[in-house]
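Below are two complexes that have chain A in common, paired first with chain B and then with chain C.
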Partner chain A sequence: MISHLRTMWLVFRHLFQKKVTVQYPEEKVPLYPRWRGRIVLTKDPDGGERCVGCYLCAAACPVDCIALQATENEEGRRYPEFFRINFSRCIFCGYCEEACPTYAIQLIPDFEMAEYNRQDLVYEKEDLLIDSQGKYPGYNFYNVAGLDAGVKEKGKGEDEETPVDIKSLLP
Partner chain B sequence: MTVMQHIWIVLGVLFVFLNIAAGLIWVERRLLALWQDRLGPNRAGPLGLFIVLADTLKLFFKEDWIPPFADKWVFILAPAIVVASVLMGIAIIPFAPGIVVADLNVGLMFFLAMSSLGVYSIVLGGWASNNKYSLLGALRGASQMIAYEVFMGLSLMGVVMLSKSFNLTDIVNAQKGLWFVVTQPIGFVVFFIAGLAETHRLPFDIPEAESELIAGFHSEYSGMKFGMFFIGEYLGISLISAMTATLFFGGWLGPAFLPPVVWFFLKTFLFIGLFILLRASLPRPRYDQLMGYGWKLLLPLVLLNLLVTGAIALWLRS
Partner chain C sequence: MPTIYIDNKPFDVKTGKNLLEACLSLGIDLPYFCWHPAMGSVGACRQCAIKVFKDEEDTRGRLVMSCMEGVKDGMRISVNDETAKAFRSQVIEWLMTNHPHDCPVCDEGGCCHLQDMTVMSGHNYRHYHFKKRTYPNQYLGPLINHEMNRCIQCYRCVRFYHDYAGGKDLNVFAAHNHVYFGREKDGVLESPFSGNLAEVCPTGVFTDKTLKEHYTRKWDLTNAPSVCQHCSLGCNTIAGERYGQLRNIVNRYNHEVNGYFLCDKGRFGYEFVNSENRITQPLIRNQPIEATEHDTVLQYMRALVTGHNLIGIGSPRASLESNYALLELVGKENFYQGVPDDLVYVEQKIVDILQSGTVHTPSLKEIEQADAVLVLGEDIWNTAPIMALAVRQSVMKTAATHTTEQLPIPTWHDAAIKELVQEDKGFLANITMLPSPLDEISSSSMKAAPDDMARLGFAIAHILNPSLPEVRNAGEELLSYAATISKALQAAKHPVIITGTSCWNNALIRAAFDIAAALDMNEKKAGLAFVMQDCNSMGLAMTRASSFDRAVAAIQRTTNVTAIILENDLYRSIPAAKADTFFNKCKHIVVLDTLHNRTTEKAHVLIPAATFAEADGTFVNNEARAQRSSQVFMPANSEIRESFKWLADIKSLVTTASNGHGKHMDDLLHALEARLPQFAGVSRVAPPHDFRIHGARIPRESHRYSGRTAMLANLTVSEPKPLQDDDSSLSYTMEGYRGLPPSPLIPFFWAPGWNSGQSVTKYQEEAGGALKGGDPGIRLFEQTTAPPVFSKDIPDAFTPRAGKWMLLPQYHIFGSGELSVYTKGIASLSAEPYVSLSRRDAEQSQLKNGDTVAVKTDGKTYTLPLSINESLPDGIILVPAGLTGMEALSWGAWVNLSTVIV
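== the complex of A and B ==
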């Protein structure tokens, strides 16, 4: 009986405690930088697309919501011809971000993407591409890659030695 | 009192109590939420008060389905019984001097009779649903009501002894000097516990017991028929709270700076709050614990209370 009364008193005291409710549309939930929300495609420091159209994200996606078609420009730089994410399928697992070798695809802290029309949840490349470097500022894939795709010449990248002439006998 | 006055009182009491019962939807949800560190419904209307309207409209527009295997007429009758019997019980409550629907000289007996009739709605509802969970709930409800009805009546006999009347107006007037909660503390506690069981509210809601019996005796009910059980439960809370205030806390009596009706409703709402606090804090006992608690602890206790009260009353008279 005493424990019952004590329980009632303890519950009653909760009347004056701080409420945990977040009144959502007016108050926002704090979202942290690594929160996995809307998917974006980021850009290089010099404004080029980071995506090289390697299909690794599409392969990693467990729900097959990513579709893309790779193509090449005249300098030999690969980029996606179209890049489509169906957000009505997406489960925000972040596997695409893990799979991406060029840090192009990234998940950002934003979840307010409700639509009235289901078709509006299919995001095209122009919806996904943002004018930002995302979580990796200063990173440019072609600076560390061996390939000459118009960003730098062969042998001029970071930690890259000049090419060796394999046909020559000179050291 | 003229006939017109009487009709006005009847309509007023009906209006007030049905509105309290509906408003308790909001009160209960808000209070429960606050005690669980939440805010509760606060969107529709000022302070979320229109949730009552929305809930009622929702209940009216829901499909009112009678299962083909149910006993149709009994199924329809059962929810009406609970509301009718509780409303009949409210008729004998004196709200203020002169404001009472039926000033019966056997008022207390009438109240006990009406609250016992409420068990028929549970039994008939559970039986007519033709569903094993409903029947189990009805069985539990019947045995719980029988057990707790016994000492609900007995716990009030101390009050009757002290006030020498079954009339509720007389009982309130007998508390002018001292409220009966002081002279009959055991009677009050036992009456309140029995009242909880009588309205099958949460610590004693084993006829419903969501986690064991889906929804117990009203598993098969939907739409406004379920709503009637719902309203019946809230009316029952109001009735037991009002009776507790009347019998043990001096009804309308109180310092003169507030009118008697206000005192009455203040006390009533205090007990309604207590009902909800009990729901928020205490877990449901096992079925055998409930019965054992009733027959082995509360019944001897209330008999002892009766004996001692009678002895003291006799001693005071001699």
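== the complex of A and C ==
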């Protein structure tokens, strides 16, 4: 009997406390910047695609829901010819983001991507690519890679010496 | 067998090996860069350091490079010693100080020896805070990409390209900490073995440029063991597919055949599979809508095969199964080789020799180990490049053996041996029509007309065995060549004679046989190797079917003929006039092929056949070794099927009860063995289709295959059922048996910690030795004790005729192949059509280089630019064979020439 009264008292007291329930969708949920939601492909500071088509995200994906094909432009810059994520399979584990050596693939705090039709959960590059650098502003992979892919010449990157004169025998 | 103690555990190892080889053979992971099983040790990279202890009491030991230290009985070493481990991780850190941050955009990533070794040595953080060295790159042609920043200075590229393969245009330049590996200036790499740089280089300095066009990581490829389609040697390859396209070809180690290397034609000549010129649908011509599908075309075929006289034309590039299926369909007496009579005559002689078993036919490995080689009339550089590479190794190794006999230097001590050997060379006599890059290493290189080369052969045989007939009217020069060559062959223990069909000359084959048989009688272990023209020329020749010319003769006698032509562009091997005669007599022409060509234009019914990558098949190589090539991928288009499946379907229209016969290729091969006993053993070439290991299939895909649920999601989001392969024990999934599969079924080389091709060591009995469980392939003929039958008929010396020239083919490694020219890079390297005359002949006809010359043959006139060849014997006119746009000519015929005034 005492137990019942105590419970009723507790329930009654909650009437005056702050509500936990969020009135979604009228009211939006606060999400942190590192919240793992929808996957996007970001761009370099100079507006080029960051993705170099290295296939590491695809390899890291535990549900194998990323498929892409790398290709090259005339300057030797790699980019994905197509980039497909099957979100009906994605488990938002963020391994792809961890694997990405160029900060191209990022998980953003957005989860509102439900669809009536499962086929609509297949996102192509056009759907994934955003016009932003995402969480890592200022980074351009080609500035730190040795390769000359039209972004910087050989020897002009960070921590690079000018190219060796191979005809020279000087010490 | 010496016993060595590795970390206090005793192991039995093989004498004469170095410690690195011993450790790797025992399965111990020891990092290395500069050592290569085919090229030996130089001790350049300092990566394979281990500790060696004086005796049991010694606790300090000393660091040595394991690749530079031979095994000694009772030796005590430590691989896991802390100092040794620290040394190795220090060395890799130094090597990595300048290595760029490139892996994501590097084609080597995922199959990179440097990545593997870095992980193995435990280096993971760059402590060096200074700038990285950079290099300019070079353009090295359409096949190989150069990114010099990635170099770790192991010298493997130069050691392969320059020392092993004899290339002259790649070397090491500059000095100290900025040595440069490349050419003197930008340009196409000249060696036809340049593609191996991509596999030899432990990092991504040299990579496959054709793969770059449709780049895929190694882990994403669907692979299958396959056999090269571009010459008769049958090099083993691994073909990789992704998104329904063949993406690359890499070497599949076979100790007896190709070893570690492939030629560029084999490595890069795969693009025909992806060609837009592929036949993708069955066609029934002269209908309002020609394209049709399986059932309709079979329905149509019913009328064509019943109530008609059938003639089947086989193909030297189709698999044994397909050829046999055609033979079964049309009947043995109606089955003809799609090969001209002259060539069949020569090939028949070769099959006779092999079948008699009088002399041994060496594998490429045995050619490498020969101590004297005579190449008689075959331009192996162009027709069998990997054989030329093997011959080069024989020459180099013989010289090395001479040295090591005098000084106790182990055979793997590459730099020391090179230093001692200097310019010394083993014996090679390269007797060909034209100069070849092999001449540089040959002791004797006569250039002559085919009949004269055969006469030289008979003269040698006569010296070796005086009871053999003498060559009449032999010149002084010929006899002196014969004397030198016979002396060298006599002095050798394992001489090898190489000849082939590219001169279309029967006497050459007989002469080569006489030499080999005569040497055998002199208690030598002589070998006689033949070079054929296509990947299954031997298999087709072994059916002993008649030539195409006989088919033409037969068709004149009959009417109401349905001809079925199997994967054979007759216009490439048969003069057009003759092929036209044949086609004009046919009532119905049915062609099964992979690519549209002149023959398929003639077809009334055209059936899309699968290429080697989409088909299972058995191919017989030049030494009569039957080898299985497995299906790499199932074409998305279900109309593209193996020829033997199409033919089996057509056969079921004729026979009332098929009893499920011919359902599997195993059944076809059993039937072939029963019908043609010369093929006995061919069914054992690979495990049967129902072979399983612990109930599991062997996966074609790596365990890290990606994109399974997204690859086809653009078509439909529900994943399709994995493809079912009923013809072999390989599966189209990532699941299955992950241990060592039987050697004919190795889809790719991979071992934990070894992602690059260097993981092959884990599949070998010992480093650089045979594959575990024996190398794949079954040799169909073995040596017997049958007495040799020498030939009595020696051709007369070749004499030029006034106003007439003997027409002979010139084969080019790039350009002469029917399929390899579909690769853009190879097409760009192929020769333009020309005719060649000797300098004297050209001057007599008052012709100069570049003049347009008309060659009259087979009732046609061909106008081509002249290119004077200084070394060509007089009286011969050479025309490149098989170039795009060139017709087949009557090789060996005498033709007229005229100058065309433009």
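Note that the second predicted complex is superposed on the first by the 157 of 171 C-alpha atoms of A that agree within 3 Å, B and C clash if a C-alpha of one lies under 4 Å from a C-alpha of the other, contacts with A are read in each partner's own complex, and residues count from 1 in each chain.
Simple rule for what comes next: a contact is a pair of C-beta atoms (placed from the backbone, for glycine too) under 8 Å apart; a residue touches a chain by one contact, two chains touch by 3 or more.
This structure is a prediction, so every number in the text was calculated from the model and none was measured.
Chemist: Going by the contact rule set out at the top, does A:Met8 touch chain B (first), chain C (second), both, or neither?
Modeler: First partner only, chain B.
Chemist: If you stack the two complexes on chain A, which partner ends up touching A:Lys28: first (chain B), second (chain C), both, or neither?
Modeler: Neither chain B nor chain C is touched by A:Lys28.
Chemist: Which partner chains sit in contact with A:Lys18 here, chain B, chain C, both or neither? Use first/second/both/neither.
Modeler: It touches chain B, and chain C stays clear.
Chemist: Between chain B and chain C, which one contacts more residues of chain A in the superposed model?
Modeler: The partner with more contacted residues on chain A is C.
Chemist: Can you pull the chain A residues that chain B and chain C both touch?
Modeler: None.
Chemist: For a test of understanding, state which residues of chain A touch chain B in their complex under the given definition.
Modeler: Going by the criterion above, the answer is residues 4, 7-8, 10-12, 14-15, 17-21, 23.
Chemist: Using the touch definition up top, name the residues of chain C that touch chain A in the complex.
Modeler: Those in contact with chain A are residues 100-105, 109-110, 130-137, 147, 149-150, 173-176, 178, 180, 182, 212, 214-217, 219-220, 243, 704-711, 713-714, 716-718.
Chemist: Could you pull out which chain A residues touch chain C in their complex?
Modeler: 52-56, 58-59, 61, 63-72, 78, 84-86, 88-89, 101-102, 118-119, 121-122, 124, 141, 144-149, 154-155, 159-164, 166-169, 171
Chemist: Can you check the complex and tell me which residues of chain B touch chain A?
Modeler: Checking each residue of chain B against chain A gives 34-39, 277-278, 280-282.
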